[in-house]
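One structure is given here, and the rest of the page talks about it.
Chain IDs A, B and C follow the sequence of writing; residue 1 opens each chain.
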Amino acid sequence: MNSDKITKTVLFSVSILILMLAAGMLYSLVGGAIPAFKEFGLKFIFSGEWNPTEGEEKYGALPFIVGTLMTSFGALILCLPLSFSTSLFLGEYFRGTRVARILGLLVDLLAGIPSIVYGLWGFYVLRPALIEIGFGGRGFGIFTAALILAVMIIPYATSLSNEIISMVPNDLKEAAYSLGATRLEVITSVTIPNARSGIVAGYILAFGRALGETMAVTMLIGNTNQIPTSFFGTGNTMASVIANQFGEADGLKLSSLIAIGLLLFLITGIINAAGKLIIKKMN
Amino acid sequence: MRVFLSFILAVVLFSACQNSAKKSSSSGENVSLTAAGATFPLPYYNLAFKDYTKKSGTLVTYGGIGSGGGIRSLKDKVVDFGATDAYLSDDKLAEMPGEVVHIPTCMGAVVIAYNLPGVDELKLSDVLLEKIFMGEITNWNDAELKANNPGVALPDLEITFVHRSDGSGTTYIFSDYMTKVSKKWADEVGTGKSLKWPVGMGAKGNPGVAGTISQAEGAVGYIGSEFAFAQKIQTAKVQNSSGEYILPSIESISAAAQGEIPADTRVMLTNSSDPASYPISGFTWIILYKDQAYDGRSMAQAKATVEFLDWMVSEEAQAQAAKVNYAPLPEAAVQKAKAILRSVTYEGKTILE
Amino acid sequence: MKSTFAWKDHTSRRLLKDKAVLVGVVVLSLITISPIVLIISKLVAEGYQQISLDFLIKNTPDTFEAMTAVANGEKIPGGIANGIVGTLLMVTLASAIAIPIGVLTGIYLYENQGKFMANLTRNISDILQGVPSIVLGLISYLWVVKHITNGFSALAGSVSLAIMMLPMIVRSTEETLKMIPQTLKEAALALGVPYHKVILKVLVPTGFSGLSTGILLGISRILGETAPLLLTALGSSIINLDITQPTSAVPLLIWEFYNDPNMIGLIWSSSLLLMAIVLILNIVSKQIAGKRN
């Protein structure tokens, strides 16, 4: 057989693996979640009650959905200006210099900090600092969690965008320069449009990371199982409640937690699809 | 690139060889035990299990993934035994694929920790506990608190209640006590590993609660005793059923088990009748299947499990408990445990004499 | 340019904007690295005393040894060798699983832009990134612990870690390859080079820097993950090389230390060690990538 054909088949089969993996995961999750949906029906998604008392167990996913969305979007917004500037710094302005190498290294190190350490640092350092600034309360809350998440996702957004930006072909940029464009104009009219796909991919991955983060969030968010009343109040996220309650859960509660995991899967899919649609429309 | 790939191949082959080597030699010698469950006794188990490995050569690995995880792992038969802070109810027992027995291993308590600089002693009656934890008393200088603690300078400071955000046996013991002493609590909150808290904020794990309390003046909450002892956190005196105000200590915790213990050892020790007892105490258990011949389990594995557990309730192991701030089992409990272990069978025959 | 503040002059406005943005970028970049500087200094301040040769080659102490040491004001004995070996074992295994699958999938996506299957795979990969690590741990528990190794094992841990790495590798591979000028690939094909050689000898080497960034980020992330390992690898008090048995890992040890009132001081030095591993990995891979250019 044609060696090219073999190669194409190999590539195809490997990517099928990912689809099979996802299908298998969905199957396991749905299987575990069915008891919860049988008990509460679709109201589960919109119910704000979370009562673990034996005999009157009632669970609902809404508080966690809201908490997850608030922290993840908050993290993305906080991270955007920082990581975008840094990728420009590394990939465009100071590309190849020693400063860029050191800075890049420092940013990549952020990815290697264990999530539990982020939680501990947030608990022992960031929280008191926020109280100092006049935050009030005990420093726990959606905002604190979003802040630490923003720091955690910076390397994902930055490193990938940085690589992609630095790969923009030089001749394109030089053509623009020769026409008299300033650095900024080359960036906005040549580099970014060219690298847009990669940059967006970086942010989608970063956002996904924020959605799924457990340890760090769970230590800073205050863990109140109600719908958060404000951005500076306490709340809980889907990943965090699963991590907190999973060790001790069984029966209906376990099923509810798995249902929440399933919902997170779906919500991630919806947001990603919506985001990609918006980007497409913007072209 | 090729170097990298061959390195990975070497690692994988190496570990595969380790595995087959182990399989061929597991005919009798060198079994190892795996267990998972409660985090509450984790420091004690780590110490005791390590000692046992040194003594007997049998490796015992324990993962503190939570009582629920321990029960689940035993149910799925992926561990030799599980560990739990709350004994399995009849319903839960019925859900297990085989009959399960409980072996108590040590005792611990839940202490009421607080952060009030300058306040060395704090007496909290059950009425006060109910009012604080249900949000009726909101300031430390409340008249009722002052009346119960004459001579103590209670500041004008808001009370912040810190509870556990994760499900835990500590919460279970605490809420069991509250249910017994407060009708209001029993009606509105109840007993459980996680609860619908009327007031307060959640922190993860004992360290989370202890850390939050130590960083916030005016905070009060409940934590596991070994944590409080080891980190020397301010703890309140709680009133037991005889009316005495008792500070948690190894002795007062052990005293809580002086009452009647059922043959299967499934009992909550909160609010014990002994006048020297600390009222928020409890056992922690190890659970295993009564019939050890399941799923092709070898006799060697079963024997190793039961012999190990027999050692755990022996004097030698129990002496270790006090060293790390856990209370050892009283004699009556040890006897019951040994009796249960001698009822564990393999293919119809008991394993230990 | 003669006059510096001629606002009405279009060109100098453009130049001013240019400079302003440059300053903004530098400032924001500096702000971005401030957390890492703060965190690392905290880790170093709290943890450096514990670091010694013993720390790297001895297994974890038990809680009593730690308690007596702390009470006497001494350094806690023992080390985290069981965690280090376990981490290296599981990360290597996870990489062995995830890197080939991830890179090949990325190549597939690059070659099949716009096709339905490719779009579906890409979307699924992106969604996988958002799955909480504990859910992946649960999945690996159900599949590997229950059915394959019939007990907690390093293999189960590696599987959950591998799934976590995949999305990063897939996406970075695809995006990097997309940035390689088409002319390069076409020239090779025009010369009659078989397709798989084009991939191995032209595309991958050219995009090596981008590929390794994705792989590195993936590895960095899984080095520090605790939640999935709690449900899969469980932990161990000794060094274990058997992938069908429970094994320890540095983040697992950090979790154990955190929950033990006597050993809580060890969390900082253990984290410092993890950071050192990440640092070494980064430096080494940048060297390799640099040589290829």
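To be clear about the criterion, a residue touches a chain if its C-beta (ideal position, glycine included) is under 8 Å from a C-beta of that chain, and two chains touch if they have at least 3 such contacts.
Note that the structure is predicted; figures quoted are calculated from it, not measured.
*Asks:* According to the touch definition, list the chains common to the neighbour sets of chain A and chain B.
*Replies:* C
*Asks:* Ranked by contacting C-beta pairs, which pair of chains comes out on top?
*Replies:* Chains A-C share more contact pairs than any other pair.
*Asks:* Between chain B and chain C, what is the gap in Å from one C-alpha centre to the other?
*Replies:* For chain B versus chain C, the centre distance works out to 35 Å.
*Asks:* Taking each chain's centre as the mean of its CA atoms, how far is chain A from chain C in angstrom?
*Replies:* Between these chains, centre-to-centre, one finds 15 Å.
*Asks:* Could you list the positions in chain C whose residues touch two or more of the other chains?
*Replies:* 230, 258
*Asks:* Could you list the positions in chain B whose residues touch two or more of the other chains?
*Replies:* Residues 39, 65, 69 of chain B touch two or more partner chains.
*Asks:* Multi-chain contacts only, two chains or more: what residues does chain A have there?
*Replies:* 124, 243, 246-247
*Asks:* Across the complex, what residues on chain A touch chain C?
*Replies:* 3-4, 6-8, 10-12, 14-15, 17-19, 21-22, 24-25, 28-29, 81-83, 85-86, 88-90, 93, 101, 103, 105-118, 120-121, 124-125, 151, 154-156, 158-160, 163-164, 167-169, 182-185, 195, 197-198, 201, 204-205, 207-209, 211-215, 238-239, 242-243, 246-247, 258, 261, 264-265, 268-269, 272-273
*Asks:* Which of the residues in chain B end up touching chain A in this complex?
*Replies:* 39, 65-69, 71-72, 92, 160, 165-168, 189-196, 201-204, 208, 211-212, 215-216
*Asks:* What part of chain B is in contact with chain C in the complex they form?
*Replies:* Contacts found on chain B: 7-8, 11-12, 14-16, 18-19, 22, 32, 34, 36, 39, 42-44, 46-47, 49-51, 53, 59, 61-65, 69, 73, 76-79, 205-207, 210, 226-227, 230-231, 320, 323-324.
*Asks:* Could you pull out which chain A residues touch chain B in their complex?
*Replies:* Those residues of chain A that touch chain B are 50-55, 123-124, 127-128, 138, 140, 218-219, 222-224, 234, 236, 243-250, 254.
*Asks:* Which residues, counting only chain C, touch chain A once they are in their complex?
*Replies:* Per the touch definition, chain C meets chain A at residues 14-15, 17-18, 21-22, 24-29, 31-33, 35-40, 42-43, 100-101, 104-105, 107-109, 111, 117-118, 120-121, 123-135, 138-139, 142-143, 163, 166-168, 170-172, 174-176, 178-181, 194-196, 199, 209-210, 213-214, 216-217, 220-221, 223-227, 230, 250-251, 254-255, 258, 267, 271, 274-275, 277-279, 281-283, 286.
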